[in-house]
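Alright, structures below, take your time with them.
Here come two complexes built around chain A, the first alongside chain B, the second alongside chain C.
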Partner chain A sequence: MRRAMLFKSNKWWLIPAFLLAVALPFFVGAYRLQIFIFVITYSLLALAFQLTMRVGLPRFDVAAWWGVGAYTSGMLMLKANMSFWLTLPISVLVSVVLGFAVFSVSVRRGMMVFMMFGMVFALALQQVFGSVKFFGGWGGTPQLPPVTIGSYVLNDKMWIYYLGMALLIFNLGVYQLLYKSRIGRAWSAIGSGLRLASSLGVNVVGYRLANVLVGNAFLALAGSFSVVYQAMIIPTTYGFQQSIYVMMYVVIGGLGFAMAGPIVGALVLTLISESMRAAQQYQPIVTGVITVLIIMFAPWGLLGVLRSRVVSVLQRLLSSRAALPDIPSSLGSPASVTAEEPGKDA
Partner chain B sequence: MTLQLFLQILVNGLMIGAIYALVASGFTLILGVLQVFNFAQGQFYMLGAFATYAVASVLGAPYVVAILAALAAMALLGILVYFSIIKWTLRYGFFHTMLATVAFGTIVGQAAVLKFGYSTAVVAAVVDKTLALGGVSLNSGKLLVLAGALVVMGLLYWFMRTKIGVAMQACAENREVACLQGINAGKVFWVTMAVGCALCGVAGALVVPVLSASTNMGQLIFLKAIIVVLVGGTGSMAGALLAAFLVGIVESFAFQYVESFAPLVIFALVAILIYFRPGGLLGKPLPIPGQ
Partner chain C sequence: MALLETRGLSKSFGRLEAVKDLDLTVEQGELRGLIGPNGAGKSTVFNLITGFDVPTRGTVWFRGENITNVPAHKIAQKGISRAFQQSYLFMFSTVLENVLVGCHMSSRAGALREFLHTRSARMRDREARNKAMEILDFMGMAHLADEPASSLSHGYQRCLGVAMALACEPTLLLLDEPVTGMNPTESAEMVERIRRIREKGITVILVEHSMEVVMNVCERITVLSYGQKLAEGLPAEIQCNPLVVEAYLGKEEA
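Now for the complex of A and B:
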């Protein structure tokens, strides 16, 4: 009965995708597996970006909050000899509290100020990480202690990969619960029509703030996770360029796909850049050209193309009315671009 | 602090503020009229500096010719970017155009790294004398940058009062009504793109004899332009000019006293300003969809 329901909904592909992800470490070597660990981390970042896009706020401080998580975990392990697992809730707490202080200023000022203020914050934060002696300077922190479970040292790539998968699935699950809840519906309402939502009594600033802080919590977890497989933390990893890449992952995957879009985008772009390892300096150019082409010819990303193709093929085969891709109007469907009135402060 | 030091820091701040003013006013212009958040703005500044280097140092032309060449080249590149990328993505909305400029900026930045590497390109100083003012000596190269920037600002002021400049202001105010009055928005858009990018090109050309050109200067100045626009208020040209000098001077003094923590001082300035004056110094909220 349950199986029938699963197949009737269009989520059947989740099962092979999950099995493939679980079986992956048995097929690829340690080096390749490290690439997939990177994919998981970047997916976590891109998911946070996509979460905030849900309420119409593009954010460019993703990498900075990722760095907050990494530095909190790393510093607590280095200076306080704390167990990695204990640092996880602390890094989430630090990220959310600091995020509340920063965003309670900028969220109420609307999308433009939120975006630009985030960039300025990211710049200042990177300077702090690089310049303060306590954090180890631009060269990076000292060698981090290994992550242990009891007496077992977690350095096997396979278990790191499974830890990342667990984190990713936890992240997806929480987002799914939120999206389906009253909060998620309020977010969608804000995203698709800010003024309408606010005139219907949705607390726009409060819900946006909650959204950004949920994103912050998961970014901090992603940062702590990156401590597991890194020997040291280098401030330039958490710079502006990484935030720009996160934005590219989301668009290449597909803006209309809250869960699969960021993961597919991170997977595709990381594999492309990995396959160009021999010509590393050309990699940003190729990535940029692909992004421009996708924006111009497939504005709803790879998944958008895939879905419309699959749907049209299914339609021809079954000659029935299959659902066309639904794209949240918050992302600016062609009709709504100029229809909006001059906005006031949110 | 001696008068000498104070004046030197002040001149530094004014010079860097003038450069910020040119880049930020180009950015604000494009943001206001096209409603495009141009991430590639800093790369035009970097390309302008390298174009000046190519014309002045490699070809050996006079510096004034090099400035005009940088201006023309960046205006043409801006038009090219408009017709090849931005025009085709405008209909998808604010976020998509922004991302298109991000991707373009990445391409240009990396291409510049491939061509020029990470070393700096130096253009010979135009004037290498120091100016003595009542016992205080000041670097006249920096004063020249300031003077040049002020001339460009004057030209911009004149341009915004010509017919096409007024049309640009009308489009920024309300695009639909401007079109109903018979303004050709398509033409206004590419002219805006040309002017906005040329301003950056000139800024790069002016700064290169003093600071020399490097491939990462584009992204740095872009973030500074963002700060200036936040302080000055989105969509206000006068606010951008005022804020640019304010940020330049604050940064210059902060750099003297707290060195690498200067970005934190600037961040605090921005945070306080956003908190108490949400529209910036002189700004008003922009009509951006989804605001």
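Now for the complex of A and C:
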């Protein structure tokens, strides 16, 4: 019991991980740094996916809302000459309001409808971005104006990287506060037992809606962030395929790990596909096979494997007879992913 | 005014009429037994009362309010809680966390304050924890508060289900076969607790297969058979009602 507590509170690895992330720009060149900027962006996307998994809703519209953020910021900068920083709150607002319109229809109809609605919406939205003249067509928007701070032009990869890190840490902080609060408790309850939660007075539809919209807000921020390091916005970047990759990041990192899972997954997969640049056409196949293998042989993901290794080493060190729990309960479970019961959705 | 009243309550699953024209009246403070052979529709009645199933026909009134089409979580908030027939728990959470979900709605501090963990939110959180521990203590499982729910014995899982329902501070508590699968000691303890719950002023409807338990603890009993009310009355009356005897014996012979 006490040992389990000790193990749980063991967050020492956060410090070296943070220091390593901060020091990274001093070790890698501009090209490599850009890859890590992608990792940050993909982590943000994966965190939004992981957030709604918390309430038993897999979403495959992640990239579409990411695009909403990018296009909102990009269009306001291009057409209204607005400062990038001013577009941030507007981009969040657009994503949340539009999201509310879509999700207030789909969330109350359960997981399947939510999923299908999201995919259809994502597909339609990409078509809009691609074929409506206003957005610049399939070839992309015109050249975006540079992002500036006062008179300083933000084009140094290092500062873009730090901006992304700040965004990521902000995102993690907000999630942490949410997960620790009563709201987070209600979310986990919904994820691990829909009917049970509603029998205890938890408004399933309301809490799910709030959850998805929090995700939307951060997806919009990630979209706006992508404007900083791109010369122009191309609609296919925000396509359906990216949403599937996001799911793979989360599965590979570990579904039970609310914060580290998405980041580790995004990091590993991005590095793998980057190392395969020469054989690009095989890259989806390789990543797909890796994902399937992980699902089959390590359902807790890479972090799950790592943790059970650490646990078994600790066990040997402490030579404890009582088995430590494989995964602390506070981390949720992959079971929560499939916990949707048929029948009335409260 | 009765606490709970159903009028012509019916539920069909395809061609099967699981509940048929049920008129049920439960007064404040009662401990009502609801019995019937397997498949008589007892759990379905609970589902209809708590908003888990939508009735095909009929209405449900709670404290004079029509709650027929009210969603399940609102009904729970109005004061009807239930413990499920299956041990239905948040298996990956601790016992305490399970009960805390039940305390959820009675401990709201406003979403923003909750989010920012203000002092008042933290205080309410502590209050909720204290309340949850009290309830666990009452159910005789305070020592298991930090164990994962999945590690509990069957008997304690049943107890936890009741504890979670109690955490919602119900006016009306629906218990669906709470002692099923328990050993005689556990079962006797549970019966004693049901009595004490009732003494606290909570109205209870108890579905139970064990005749001994029902006859022992309920002062009024309703008998269902094939979704219809077969008889209603005092335990002694029910015990010697030929219709009831036949329904049960007929079932056994089949």
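Keep in mind that, in the parts below, the second predicted complex is superposed on the first by the 314 of 346 C-alpha atoms of A that agree within 3 Å, B and C clash if a C-alpha of one lies under 4 Å from a C-alpha of the other, contacts with A are read in each partner's own complex, and residues count from 1 in each chain.
What we mean here is this: a contact is a pair of C-beta atoms (placed from the backbone, for glycine too) under 8 Å apart; a residue touches a chain by one contact, two chains touch by 3 or more.
Note that the structure is a prediction, hence the values are computed from the model and not measured.
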Notebook entry, point to check: In the superposed arrangement, does A:181 touch chain B (first), chain C (second), both or neither?
Noted result: second
Notebook entry, point to check: Is A:281 in contact with chain B, with chain C, with both, or with neither (first, second, both, neither)?
Noted result: first
Next item on the list: Identify the partner contact of A:196: answer first if only chain B is touched, second if only chain C is, both if each is, neither if none is.
Entry: second
Check: First (chain B), second (chain C), both or neither: which does A:124 touch?
Finding: first
Next item on the list: Classify the contacts of A:112 with the two partner chains as first (chain B alone), second (chain C alone), both, or neither.
Entry: first
Notebook entry, point to check: Of the partners chain B and chain C, which touch A:289 in the superposed model: first, second, both, neither?
Noted result: first
Notebook entry, point to check: Who does A:240 touch here: chain B (first), chain C (second), both, or neither?
Noted result: first
Next item on the list: Tell me which of chain B and chain C touches more residues of chain A.
Entry: B
Next item on the list: Return first, second, both or neither, reflecting whether A:20 touches chain B, chain C, both chains, or no partner chain.
Entry: neither
Margin query: Taking the superposition on A as described, I'd like to know which of chain B and chain C A:271 touches: first, second, both or neither.
Written below: neither
Item checked: Overlap of chain C and chain B interfaces on chain A (superposed complexes) -> 332-333, 336, 343-344, 346
Notebook entry, point to check: Can you list the chain A residues touching chain C in their complex?
Noted result: 1, 177-178, 180-183, 185-186, 188-189, 192-193, 195-205, 325, 329, 332-333, 335-336, 343-344, 346
Check: For the complex, which residues does chain A have touching chain B?
Finding: 53, 56, 58, 102, 105-106, 108-113, 115-117, 119-121, 123-124, 127-128, 130-131, 194, 240-241, 244, 247-248, 251, 255, 281-282, 284-285, 287-289, 291-292, 295-296, 299, 330-334, 336-338, 340-346
Checklist line | Residues of chain C defined as touching chain A within the complex | finding: 50-54, 71-74, 76-77, 81-82, 84, 88-94, 97, 100-102, 104-105, 107-109, 111, 114-117, 121, 125, 146, 148, 164-165, 167-168
Next item on the list: Write out the stretch or stretches of chain B touching chain A in their complex.
Entry: 37, 39, 85, 88-96, 98-100, 102-104, 106-107, 109-111, 113-114, 174-176, 219, 223, 226-227, 229-230, 234, 260-261, 263-264, 266-267, 270-271, 274-275, 278, 285-291
